[in-house]
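Both complexes below contain subunit A, partnered by subunit B and then by subunit C.
Let's turn to the complex of A and B:
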C-alpha cells in the first residue's frame, strides 16, 4: 500500500498541469461547499439569535385564544396576569405585550396595522422601548410610537411625523387619536417591523379600556415558576417559536444543496473524465505495470489511490487559499446581495458564516468518497484489459 | 548441466473469432536452457509474440503445457503469475514502455521497489544497471528527453536490474536505426555472457538474427525449424 501511494503521488505530480487543474477544480468545490454550508449555518444561527433578541426572548406565554396569524382572534386574546407578575413586568423583568388591530392614515393613505403595546421598562427584548416614555416637559397630546425602518419606509414616515390612528375599543366603539413617530429602529427581524406599531403597553390598554390585560409575555430565561398565572395563558417553548425559521432555513439549505451538488458533480466529472482518459492514454503504462509484476487488482488499487491522492491534494490546496478566505468570511461576514427581510426571513443582510469541525470533516469525507468512487469505476475497466494488448497500446 | 528455463509441450493457443477460433499457436514443443540467446523468428502473424506473452505469463495457453522456471503458466493464479514476472522475468518491448512521469533512475528502480529491496540495495543495483547500459549521465532524465536507443537501453537496464533468470524481448530493435540497434544488441549480448541470463527474442529483424545463437522459426503457429546458425556475430 505504501508503494502504491508513493507511485500514485509520483504519477500525479509527474502528470503536471492535468493534475493541478483537477486538483484546483476539486479544491474549489471543497471550499465552495464549506462556504455555502457555513453561510446557511451562520444564517440559521443569526436568524434564531436575532429572533430571540428582538421578538421571543427565551420563550413566551400566549393567551390561549391568541393566534399571531389570525387577527380575528386578537380581540379575545387578553387577560390580566397576577399581581406578582404585574410588579415584575413593571420592573422590566418580562416583556408584556398587548396586541390589537388598528388603522393608520399616513399621508392620507389608509394602512391596516398591528398595534403592539409593550412595557417601556422591559429589558428582555432589544426593542428600544425607552423611546416610548414621554418626557413630562413635552406638551403633546399625540401618542408616542415607534416602528421599524421597513414599515416607516413603506408608510413614507420619518421620526417626528404625526399621523392618525383609528381603532375599536373593547365595546366595539371606534376611536381615533394622533400618533407621533418618536423612533424608527433598524431591525433584522421583519416580524417586529412590517405592519407593526409599537407603543407603551399601558397607553394601548387605556385605549382599549382593558387595563392591566396583556396578550403575551416574553421571558428572559427558562425559569418561569412565577409565570404560572392562570389557565388562560399557555407556555410556548423557544423550540416551538423557532420552528418556522427552522423550516425556512431547512428549505433554503435544500436549495443550496442542489447548488453544491452540481459543483461536486462537476468536480467529479473532471476526475472521472481524467481517469477514463487514463484508460486510453495510459493503457501502455498499465500493461507495463502488469509486465513488471503488478496484478490487475493492484492496478485497480493504484488508480483508485490516485483518485484518493487527488482528494488529498485538493484538501491541501483548499487549506492554502480556503482557510484564509473562510477565516476572513467568518470575521467579516458576507453581505447578502438582496435584502433578506424581503423574503420575510429574520436575519441581518450581513451574514457571518459558521464553520464547524463536523462540516469540514463531513465535506472532506464526501469529496474523498466520491473521488475514490469515480476513480475506482474506470479502474475496473482497466482491470478488464488484456495486458498483452495494452502493452502495445491497444484496447481489447 | 544447464537448467531448463522454459519447457513447452503441445502448446495450443486459440483466439475466438466470430463464432469460431483462430489458432495462433499449434502444438508447440520447445525447450530453452539457461544462458541461451535464442530468438523466435517468422513473419507477422506467425505466433512469435503470442508465444512470448504466454511464456511471460501475460497470457495463458488454450491447451498444452508451458513451464517457465518449473511453473506451469496455465495453472498460475493472478498473484502467482505476477510474482513470477516480478521476480524472474524481465521484459523488453519494441516501444520501450518506460513509465513516462518517472526519471531514468526511477524507471530502472521500479522493479526493485516491487521486490521491496532496501534503498541502499536499490541504489547499488540501479547504478550498476545504468553502468551496464552506459546511461549513468542520464539518470535524472525523463523518457521524453531520451533518444530511441537510449530509451531501449533504459528498458534493458530495467529488465536486468533485478537479475532475472529470463529476459523476453519483443522486437527490441524495431523502432531503432541500425547504429542504435547494434548498440542495444551488443549490450544484451554482453549481459547474457557476463551474467548468464537467458534471452528469448521475438523478431524478424535481420540485425537481431545475426546475434542469435539459436533460431526457432515459426510459421502459421508451428515451429518450422529450430536450429543453431552456423555463423553469427557471437561466433
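Let's turn to the complex of A and C:
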C-alpha cells in the first residue's frame, strides 16, 4: 500500500502540468463548497439569533385565535392575562404585544399598517421601547410611535414627523388621531419593521377600548413559568417560531448546492478524463506491472490511488489559498448582493460565514470519495487487459 | 379688508328679514326627528335595486366602474360590476358583517370581514360598507343639534347626529338637508375623536317612485389627498321583490 501511494505520487508529479490543472480545479471546488456552505450556516445562525433578539425572545405565548399571517383573526385575538402576569409585564420581565389594524396618512397617502402595542418597560426584545415613553415636559397630544428604517423609508417619514392614523375600536367605530414618529430604528429583522408601527401597549389598548388585553407575549428564557399557562394563550416554542427561517435557509442551501455540484462534476470530469487517458497511454506500464507479478486488482488499486492522491494534493493546495480567504471572510463577512430585508427574510446584509470542523471534514470526505470513485471506474478496464498484448503496447 | 357690517339698503334688509322669517317658519313647522324621518322616507327602503357609475380618480388616471346593486336593508347586498370589461363579472356579496368577492379572472371567491369592510373599494373614497349598506338614520342616529343654513343658495337643515349605539362606524355626522326636498346635499362623517374623516356632496335630485333622491354624489376621504370619488345613480327602483338566491353564496359563481 505504502509502495502504491509512493508510486502514485511519483506518477502524478511526473505528469506535470496536467496533474496541477486537475488539482487546481479540484481545490477550487473544495474551497467553494466550504465557502458556500459556511455562508449558509452563518446566515442561518445570524438570522435565528437576530429573530430571537428582536422578535421572539425565547418563545412566545399566542392568543389561541392569533394567526400572524391572517389579519382577519386579529380582531378576536386578545385576552387579559392574570393579575400576576400583568404585574410582571409592568416590571418589564415579559414583552407583551397587542396587535391591531389601522391606516396611516403620511402626507395624505393612505398606508394600511399593523399597529403593535408593546410595554415600554420590556427588557426581552432589542426594540428601543423606552423612546415611546412621553416625557412629562413635552406638551403634545400626538401619540409617540416608532418604526423600522425600512417602513420609515417606504412611508417617506423621518423622526419628528407627524401624521394621522385611523383605526377602528372594539365596537367598530372609526377613530383618528395624530401620531409623532419619535424613533426610527435600524433592524435586520423585517418582521418587526415592514408594514408596522410600534407604540405604547397601554395606549393602544386604550385606543381600542380593550384595557389590559394582549395578543401575544415573548418570554426571556426557557424557564417553565406556570403562571403563564392559560386556556386563552398557547405556547409557541422557539423551534416552532424559527421553523420558517430554517426552511428558508434549507431551501436556499439546496439551490446553492446545484452550484457546487456543477463545480464538483467539472473537477470529476477532468479526473475521469485523465484516468481514461492514463489507462490508454500507460499500456506498456500496466503490462510491466503484471509481468512483474502485480495482480490485476493491485494494478487497478494503484490507478485508483493515483486518482485519490488528487484529492490529497487538492486539499493541500486549498489549504494554501483557501485558509487565508476563508479566514478573511470569517472576519469581514460577505456583503449580500441584494437587500435581503426586501424579501422579508431576517438577517443583515453582511453575512459572517461559519466554518465548523464537521463542515471541513465532511467536504474533504465527499471530495475524496467522489475522486476515488471516478478514478476507479476507468481503472476497472485494466482487469480485462491481456498482459502479453499490453506489453506490446496493444489494447485487447 | 374684512367688512364687519352689511351696508344698509332695502335689498339687504329684505333678504335678512326673509331669511329669518323662513328659518323661524321652518323651525316652527318641523322637529329634528321629523326631518330625519322624511330623509329616511326618501332614501331608505326595504329593498333597492340600482345601476350606478363610480369614477375613481387616481394619481395618474381615472377609471369608471358601472355596477348593479341589489340591497335589502342594512345587512344584505349584492353588487355585480358591469363594466369596464376587465372588471365585468366581479361580484360582491355582503351578508351582515361578512363580504365575499368573486373575481372571474381568477375564478376565486375571497371573504372579507370585520375591519376589511371599512377599507376602500378599489382605491376609491368609499368603503365596502359605505357602498353597499342602507343606513336608516332614525334608527342609527339621534339629532343633537339642528340649525337652518343657506347652502348653495338653498335653505337647508344643518343637523348634527351622534350614533345611538357604540357599533356605528361613524360616531358623529353632520348633514345639510334640503328643506324643501328632505334630501341631504352635503354630509360630513367624523371619527370618535372629532376628526373629520369623509365628506360627501349630493346633487342632481330626481323624483323616483314619488321619492326625491340625489343621483350625483362626490365622496372625499378627508385624510388622504385626491379629487374624491364620483358616484352617479343611473337607474333606481325601490321596494322591488329581489329573489332570495341573490343573497346566497351560490350567486358568486
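We adopt the following convention: the second predicted complex is superposed on the first by the 392 of 396 C-alpha atoms of A that agree within 3 Å, B and C clash if a C-alpha of one lies under 4 Å from a C-alpha of the other, contacts with A are read in each partner's own complex, and residues count from 1 in each chain.
In the analysis below, a residue touches a chain if its C-beta (ideal position, glycine included) is under 8 Å from a C-beta of that chain, and two chains touch if they have at least 3 such contacts.
Keep in mind that what you see is a predicted model, and the values were worked out from it rather than measured.
In the superposition on chain A, A:296 makes contact with subunit B only, while subunit C stays out of contact range. Once the two complexes are overlaid on the shared chain, A:160 sits clear of subunit B and of subunit C alike.
By the document's definition of touching, of the two partners only subunit C reaches A:108; subunit B does not.
By the document's definition of touching, of the two partners only subunit B reaches A:285; subunit C does not. By the touch criterion defined above, A:173 lies against subunit C but remains apart from subunit B after alignment on the C-alpha atoms of chain A.
Shared contact residues of subunit A, touching subunit B in one structure and subunit C in the other, are absent. Residues 3, 6-7, 10-11, 13-15, 284-285, 287-288, 290-298, 386-388, 391-393 of subunit A are the ones that touch subunit B when the two sit in their complex. Residues 111-116, 118-120, 163, 165-171, 189, 191-193, 195, 197, 221, 223-226 of subunit C touch subunit A in their complex. The part of subunit B that touches subunit A in the complex is made up of residues 49-50, 53, 56, 58-59, 78-79, 81-83, 85-87, 91, 93-95, 97-102, 106, 110-111, 113-116, 158.
Residues 71-72, 74-75, 101, 103, 105, 107-110, 112, 164, 166, 168-169, 171-177 of subunit A are the ones touching subunit C in the complex.
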